[in-house]
């Protein structure tokens, strides 16, 4: 039986998530794995926004920040369970994305980039400056999700690292599944169409403004949930999560891996998460090597790592 | 003047020109006709150097052209009015024309521009407007005029009559015919095969990346196969 | 009143730095449609190399010259080694290349130089000039003057010279540019060299005011980018006005409203302007017929 | 030729006009199109034909005048809303979804029929999958009609110019329009290929779709039009059936040239 | 072999602090091993650069604990990274000595977390004490918005009342800002302001100091320990920096210390070693790392075991240990081990640090 690309992607992901732990020499690898998955989730949102719909955002870390601080603040101030805080963060992000997206998505290219950048900076500025509420630049503690304890009661005793590895992995699988469904669906096609030609998309009946907004909101939710997972996992969060560098990092991961494909982008998240860990051996040269890798990949594998490699393997195209 | 031998070219892994042989003599008008996707545009792109050649030889005025980068080919006298017009949409009509004469910095530029305006008066009216605002046909005229500003000794025209009003079409063909007097060689790709063959000296027929027929223009017009497949008569 | 004047002085000083960075963006953007996120690193290098050479005992003007030339050479190298080989890649890929270059340069700078903060003497001393009860440093006048000169130069280049138009033609339609005989590789190289030189000049002029360190590039790039977009990317006039405006908004907000949210004010103004003028103050929408 | 007055009007253009920086690109143009009818708009380059199309299809905001579709005033309405009301078009400057497959290009034409909510699509609900499947089959059939079935899986950006023109027609047909606007559909096609497009257009019209056509290939225009509107410098200078229009001296002078007058 | 872990911000926004910290640790380990290690065992330092990113810091902390199996961790250049690391080390029950300022790190006391720098609250107290002595009652503040500046700003505002001083102007600047004249003009114009305090580190305070001179503000300017290094005088310009006061450590005034000062030998040795090796002036921050390393190795010696809990107990029983920052005496209730006496009020005179009597 031949697998569709969607099934192949999900299967690859699931197998990787399930099997790699057998090769982990220590608990630290679970931590790195979990980080890859959390980043992978945010980057999947970027695939929808940038890969499918062709809209660039340099402010998505703002939504990650909202997701993260929802988990830090809501349990304390509203007394709700952290799990609901994740949902609350996602809802706030979605609403905010909707409000912000309506005016700024009319902008194109770099103008959209700078507007979204402005949004991201505003969020991180609020997180930094409203010290009373957010703890300011020094960060704030985050409540425990409590799911690990619950699993323990059911006889599944995981270390903290293991739990977050599998839990984030599961979330990523779910996120990837949703994004892959979207790709070949009418909405996904409409998004890709407006990427190609907005005018033509409009004349075939695509409500371009609404479609872009849809993509923006959905990708914001991805970023928000990713931020929430990060906060819950670290049990401590600082405004860096909403910072400009984090936004850039998301886009870079996606483009490096292959912004047009979910698996590619996740692959990119993996590479850029792993690279600093590998490079600690020559810490001095870390930035040098990181910059070099980014340039080389984009020069020689311009569609991104994974799509280019697959294309080479399949032997089609240049 | 221009000879092409065994020319092959590909997009990625797919070869679209499978060994083209063709020649254009000095002062000649030669036309290439063929169906959509036959490879006519690709052929012209190879000649102007914006499309990589995988095998074969292009010789222009006795020199091998293949190693010459695209931007140097105009210096050798080879100009192209490309498919899709490819004008500088953000620049004005006049700037487009001036850039057509990018290589020259002499009084003749003004004169050539005057000639271009003579030929297409509408361009004079629009000289200070962004070329992107022109109508399709006006852009086509601009592309043709810009190619002429480069003072070519050999002109490659990719469907110059596309999108032009009937009056202008006949005018364009007249211009092309007139180039002969100026000793400009022309390689003309046309879908208006009838019009093209009427002004051409010789013609080639291209089918899926190969030359399948060639001969004097009158012969081709008379050939029943051509009449049926390309002239629709 | 003198208070307002002081805020304005503060605004134009900082604004001139932003404007210089923004002007640096225009060249490469006009040649390739790429916003070169390594532009800030050029500014950093301008400052750091000058400091390094100056600390090694060279006279300041010579040190500055070396910095500008070396940075321009680096710009050429980036184009030749990283941008040219990637020709035809989508614009996002090119942007990631410039981000990679930016990280690379930073990584190199911290190895070659150090991670400390540095400065060198102001060109015309530190004695502030008093005007109407407010003060401005002579160095500020250098930066402002630099911004105006570079602006004038670029303005003439793009509107009065054929080469300037060849640069615009290259980004507008590279294929057609080649067909009319423009050596697009040369145009790109030239743009990178000039952009890098402008960036380095910004670093040279600003360092006595802003100080420099291997990591200051991003900050400059960000503000310069914001300024360029506010004014309309690709237009030297836009870069100049946008840069100065951002500086002024920041200073006035810090002075009259809240210094905590002065950056917010700048971005809110950008958002508002773009809402009404989606291509910035002076940017024009490309005419694209269908 | 059907009697133009006996049917109800589908599209009515009333005094439409627009200016660009002082240039009256289109000025006070009016005409009507009825279901099943092929109305051609001809005129010299820069006469305002494409601009007229752009106003009718909501891409430009008309400066003056009205567009009435099926009795409803749709002046200045967004293109996607016009699409819902049965209007569909092709472009003189190709508007292709370059990086999508040829088939996907055609399938987007079914957007209005297949679209659901983004949530349903993300969850891959059966209903959403079924609609997508139906659209795919329809698109495949249309590609067959324009002779592109063999290119279905290719990336659209890789097609030759003439093939892309036909892909645009297929995509426009996928909307199942009541009125179809074609801007120079035969440009870049040779005589034989043009004749194929002729047939296709006539066939579509025969099924009751109104067709508004801009084309410089006079053979095609004269062959298939029920009615011709002639523009020059943005103004309507003549109108009528092909025979009348082709004999009109003003039209010959402005547009056709002496060559055509001979025939 | 004893493995010691470290995660500092050798690059990134806090590289100014983290870089000397990293260099100091590497230098000290080398020295120690050359001298035979601890109780005959060689020391292995596993050092990571977290770039100032708390998330990375947490990953490195996990790596140090789980993968490198270190016995203790030094690091956390900033408060944010320290908080990230401590949640890992507390879980794993491994001693952690932070190099960051904020009081939250050790207050409330966490079983395995210590720190070497004075808290920002102490810096505020020291400064206000001095201001009170000078009779100032109305002061203006201009703080950086980075972690250090913001935290100190908050601490100062919370203790200022104890000294009968009122903050009449409260401004901030972004650490990357190039000009603070607008904020300073505002402070200058504030009713009755008698002195100005600038919490922050990096280039900001230098620019503040220069702008201060540009505006010819003739009020006393107080900086924080965040700028305590010779570099500050150089950057601000000796002229502009003249008269600036700040709470610093013995390290800056090594030459001026009384011969019987307990810190003198420690400070001098470190200063000479560092400056010889790296050809750059020592800074307070390297000193924090120096002290952390000293505290840890001292405890390791006494513990004679690699058992984390034993090491922790040994640190807690540290007493009268002279470091560059001050003399440390820890207890289960006090994981800072310093009091206000560790701070010395310094003033810049003739382009040099001088002790204020």
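By letter and in written order, the chains are A, B, C, D and E; residue numbering begins at 1 in each of them.
What we mean here is this: contacts are C-beta pairs under 8 Å (C-beta built on N, C-alpha and C of every residue); 3 or more make two chains touch, one makes a residue touch a chain.
Everything numeric here is computed off the predicted structure, so don't read it as measured data.
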Task: Mutual neighbours - chains that touch chain C and chain E alike - done: A
- [ ] Quick one: point me to the chain whose Cα centre is farthest from that of chain A.
- [x] B
Task: Distance from chain C to chain B - Cα centre to Cα centre, in angstrom - done: 42
Open item on the list: Between chain A and chain B, what distance separates the C-alpha centroids? Give it in angstrom.
Closed with: 50
Task: chain A and chain C: spacing of chain centres that average the CA atoms, whole Å - done: 31
Open item on the list: Can you work out the whole-Å distance between the CA centroids of chain B and chain E?
Closed with: 74
Task: Residue numbers of chain D (touch at least two other chains) - done: 50, 59, 91-93, 95
Open item on the list: Could you pull out the residues of chain C that touch at least 2 other chains?
Closed with: 110, 260, 263, 288-290
TODO: Note the residues in chain E that touch 2 or more other chains, in rising order.
DONE: 10-11, 145, 172
TODO: Using the touch rule from the top, collect the residues of chain C that touch chain B in their complex.
DONE: 162, 165-166, 168-169, 172-173, 175-184, 286-289
Open item on the list: Taking the touch rule as given, give the residues of chain E at its contact with chain A in the complex, in rising order.
Closed with: 10-11, 47-49, 51, 53-56, 58-60, 62-63, 65-67, 78-80, 83-84, 87, 91, 102, 104, 145-147, 150-151, 154, 172
- [ ] Enumerate the contact residues on chain E facing chain C in the complex.
- [x] 10-13, 15-16, 19, 145, 171-174, 176-179, 181-183, 185-186, 189, 202-203, 206-207, 210, 213-216, 231, 234-235, 237, 239-240, 280
Open item on the list: Quick check on the complex: what are the chain D residues that touch chain B?
Closed with: 20-21, 43-47, 49-51, 92-93, 158-163, 166, 184, 187-195, 216, 218, 255-257, 259-260
Open item on the list: Using the touch definition from the top, list the residues of chain D that touch chain A in their complex.
Closed with: 57-59, 78-80, 82-84, 88-89, 91, 95-100, 104, 107-112, 114-118, 121-124, 128-129, 131-132, 135, 171-172, 174-175
